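Read through the structures below before going on.
Same chain, two partners: chain A is paired with chain B first, then with chain C.
Up next is the complex of A and B:
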């Protein structure tokens, strides 16, 4: 048997203006289909409680659904529940045009938290992170420096960042450097 | 720096979140076309000072293709619109006319 491990096995950086932590394994399913389809809405509600509005994330405990595009959601469940969730989706969406793919091990997840978390993010993404512009519940796909990433706030001053697993180390270094001690900008 | 609003996901982003996909509204001449038509499709492009129509992809975002109408000299964006169309919609043409009266581009004006 083998044991699944996340890319950086929980690496963390605590010596700067914000803390950076790799969150470990998270079950992730790409669900593509017609987001107005009744069967699909019902299936997603069973997992995340509701269908997220465009550019938002719906969270329910550890589970959630993020709006990726007009025909795509990212479903999040505990890593151990991915295969059974996909089986459930396949059964409940039978006959509709859809795709449910397990992307858990193709992703890395980070948390950036602390009073300067917004600044750390703002140094890396071409996105307005001022408190009036980027709010709780919003979900944004963009880039952090050179790589694509998606992010949202779990709570005020705590961002969750999802990127491709192949760039996990780059992402960790990037976030840690942007959070290095003494690098406050105090612009937000 | 261009600021584009993706008509698919509604995000307003600057150009590094997007990828330029070349001239818009090309007719893809292929089987059954003449050599001249095929040459036109492969090589002949507009290179205007002013109003221009392009395809863009929201590659660091929702991943969808769309169209943009903009000015090549000032980088003003007149509007963005759906990829699934052969010509700019009326509201885009009207928006351009408001800013650049008398404009024309290929067969559009």
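Up next is the complex of A and C:
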């Protein structure tokens, strides 16, 4: 087995108003299906503890499930466990109409954290990041500047950002520029 | 002369000394100054030359409405033209230069235009430059381009070193304008508990109230403002920003705010401007009002200013514009200027009030101070050249007969006040004409409407036509309260503030001064300072039939300059109405468009500059390729290697080497960008049968099939290889550019048309690094790496298998886009680089070399394979490319089938694909047309074909090409002409497009 590497191999920026770093590879599975189907609910519960409500993410330790659309979830597991998880899904959902695809390596994952992390995000995504509006457990499938991205808070003022692997460098540069020194907004 | 007063200004009190550079002169200013106040403090009355006649112009206003004081600012890479002095805060070391003059501000050759002004009337350009026709291109246009524009454009080679950013913000209520009305409205809204954003374009809260005085709830206006600011600052649900202009209001409460972060102090670290992209539940515009100039002769001589501006410079900046100020007005407010100046010990020789009845209490106050007041009088003309030296007094009712000359160096004029209705109007708010106050104000019955039909903008204070503090403060309170309630706030019990009543006499409209001014005076009475439009120009436009205000605007250029006519519009349309003999509301206004004042291009672009100007998509092999000589080619947002250059090679050399090496040894291609879509479900086969023109449902598991996709109009949109993964699952390869669009295409059909079919699609393009291993040695290298059987028997042509190669989990497709023995191998993107390197190491003994997209193209063209985007351009159908074999006759339907039966699609005369072999072996230019005898109805040469792909083939040592030619397949062997742009002709023979290995023996070994 050859070592799998993430797009930017852990690049980080910490010379600004928030810190940005690329997180390593994360196991990710696109699961499409009927989110009210009993078998599917059971299978997802086994991973994330529950089915996430629309526009939220269900997190359990390192695993999780994020609501992507009325018939799509993004399942998150340790990178090494992806194939076995898909096998389990295939077995437990046998007979229902669904699709489980490994998209772990099609993604890059970043963390933006610090007291001004909300502002950094609010410079790039058309989302209300004020503490009253964007809370723990919320999940958005939106865009950051010119590329698609999904994000949520892993803890207060610490955002996890997921984008396509091909634009990892753009995303890192973008987040670093939005976090540049002296760019505090102090409005959220 | 204009100078700094002993009494400090509100904004400059205790400010540090600053120095700045104006046209090379070192001048001094004070912290808190604007450029305008600093220039006036240095007795710099003349600040620029007018656009058309190059007349000397001075500062007129003290805010965003200023038409004249525009400067070139900064130098080299920070240079910017047309910076408004009245809204630019002074900083130490500022470097500014005046505009639109040559050679100097003091002596300008262009000023000669003023002597020929009667030959440059409105519409001059339209009349003059019509004939002779040929003169436009060669004489007129170059001349106009020379003289067009006020400021200089920045140099093309300079790069702005500053950064900019956007910021998304959401509020229940947004209040635009931080004057007393905006503050009061924000407080009232905030008391209902909703989230409030209050923005102010200047650096200071309070607007005009602290200058104009008055009382609210028994407190002087400035004290009341201080209290409001303190209260709002303490409220957690209120966000307050100065130096942030509400620039535009758009649908659904979307509002743009333009924040200037470092303009006042360029040494501050961080972005220069920030564009706020705001969603507000409700918007309250408390944008105030702008004083109007009066149209009298020579009202553009430096020293003629708005009365409010003269007052502002004295009170806010401690600057006196002159020693002797004549005030001319049609309303009571201007008296405040006279009283203020007198109080500072300056001379006010006369207040000229055009109203026969004069003013109310303020007149008594002025008279008590010993100021002479002349009622029913007017200015016949202003005397002076580069600055005012005096005025000629006359009766307002007459034609300008001289009564007296009064010496002065400043004329403070006030033609009444116009509410700033721009933001109200941006999204469709309507106006009504308020006859008693002689201005347009927002019609509260017809606001801009939101998604539910509700008004989402309201207006407060003087912007709403309430010019008296006593009315204004209650109006603002009510507007704020209503906005809070409209956005879900709870009605709050708050006392309605009360302003002390004043007794002012009503304004009387004075659109022309004196009322009966003749043409000689009219042609020196300026309406639009920035675009040099006079009263006589507007009258001429009306006379020539430009009755619509929008037409008259464009004909005369009234209000078309960078200030968008903030001072001139109402005066201009009053003159137009008068000339047309109709009331002003019938003439109406021109359209108010955002932004309110110009905002920087940098702010609009935001962070998108330099390395994040545009996202670049990179495959896992990008860095390796970049380190190994890749000459990059943009393919959509991707960058793909066009060729890999070895030291000393040209691109052409590299391509030729790659082409030969791949045919003779082993080529490796990064094919990761190809789209990969998983299509799964019980109806997946049925679905793909509809999408592809050929049959996919019959494909066996483990097999691959090439397929074509057409739009419902029959045109080819994509092609690629489909692999059947299992009974319910297919993997569809798309072109690089098609990955997202075909994914969207599939989703659209599934969501809108075949929503009851059980099919799911997922785009897994980026999950895999896909590498094409191509050439006679392809199998050898895979066998050397080992792990799975890739022999002909185990993995035949157009088959695929999962397995491991050299320890990598891989899916191997035995497909070929080159005509060679070829495998496309998908491994996970995270292992892509390791696998690529393993192939190179193992392949070294077999002559492995990477190849780029150009080699890919040449190899496929030698085989006559079509490329979406080369052979197709959105107008090409499969039949044109002789792909009838891929159009299923068994299927009842598929996208494009019906369209192909339309008469034009079935026309046998359509241009069809052929190979083209140049007689002299040269390379045809891409896109060249094959020409016929004669010309068409447009006088163009008749054509019957065009080149779609053309390359130099190193294998064949000559140019090869494909093209679409009328009746092409029936004309094999015929030699046709392709003229080049240099006039020469290339002759090419029509041949079979498959040039290399016609029987396909090489790929099937």
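Methods note: the second predicted complex is superposed on the first by the 187 of 188 C-alpha atoms of A that agree within 3 Å, B and C clash if a C-alpha of one lies under 4 Å from a C-alpha of the other, contacts with A are read in each partner's own complex, and residues count from 1 in each chain.
Here is the rule we go by: a contact is a pair of C-beta atoms (placed from the backbone, for glycine too) under 8 Å apart; a residue touches a chain by one contact, two chains touch by 3 or more.
Keep in mind the model is a prediction, meaning the values are calculated, not measured.
In the overlay built on the shared chain, the residue A:66 is in contact with neither chain B nor chain C.
Look at A:180: by the touch rule set out above, it reaches chain C but stays clear of chain B. When the two structures are aligned on the shared chain, A:130 is found in touch with chain C, with no touch to chain B. By the touch criterion defined above, A:76 lies against neither chain B nor chain C after alignment on the C-alpha atoms of chain A.
Of the two partner chains placed by superposition, only chain B is touched by A:143; chain C is not. In the superposition on chain A, A:58 contacts neither chain B nor chain C.
Of the two partner chains placed by the overlay, only chain C lies in contact with A:164; chain B stays clear of it.
Judged by the touch definition given at the top, the superposed model places A:93 against neither chain B nor chain C. Look at A:40: by the touch rule set out above, it reaches neither chain B nor chain C.
Comparing chain B with chain C, the partner in contact with more residues of chain A is C. Counting contacts as defined above, chain A residues 126-127 meet chain B in one complex and chain C in the other. Those residues of chain B that touch chain A in the shared complex are 8-11, 13-14, 16-17, 59-64. Those residues of chain C lying in contact with chain A across their complex are 163, 165-170, 195, 239, 241, 268-271, 274, 277, 279, 606-608, 611-612, 614-620, 637-638, 678, 680-682, 758, 760-762, 764-768, 807-808, 828-831, 833-835. Contact residues of chain A toward chain C in the complex are 1-7, 25, 30, 32-33, 71, 97-99, 101-107, 119, 122-130, 132-133, 145-147, 164-170, 173-174, 177-178, 180-185, 187. Residues 54-55, 68-70, 72, 126-127, 140-143, 148 of chain A touch chain B in their complex.
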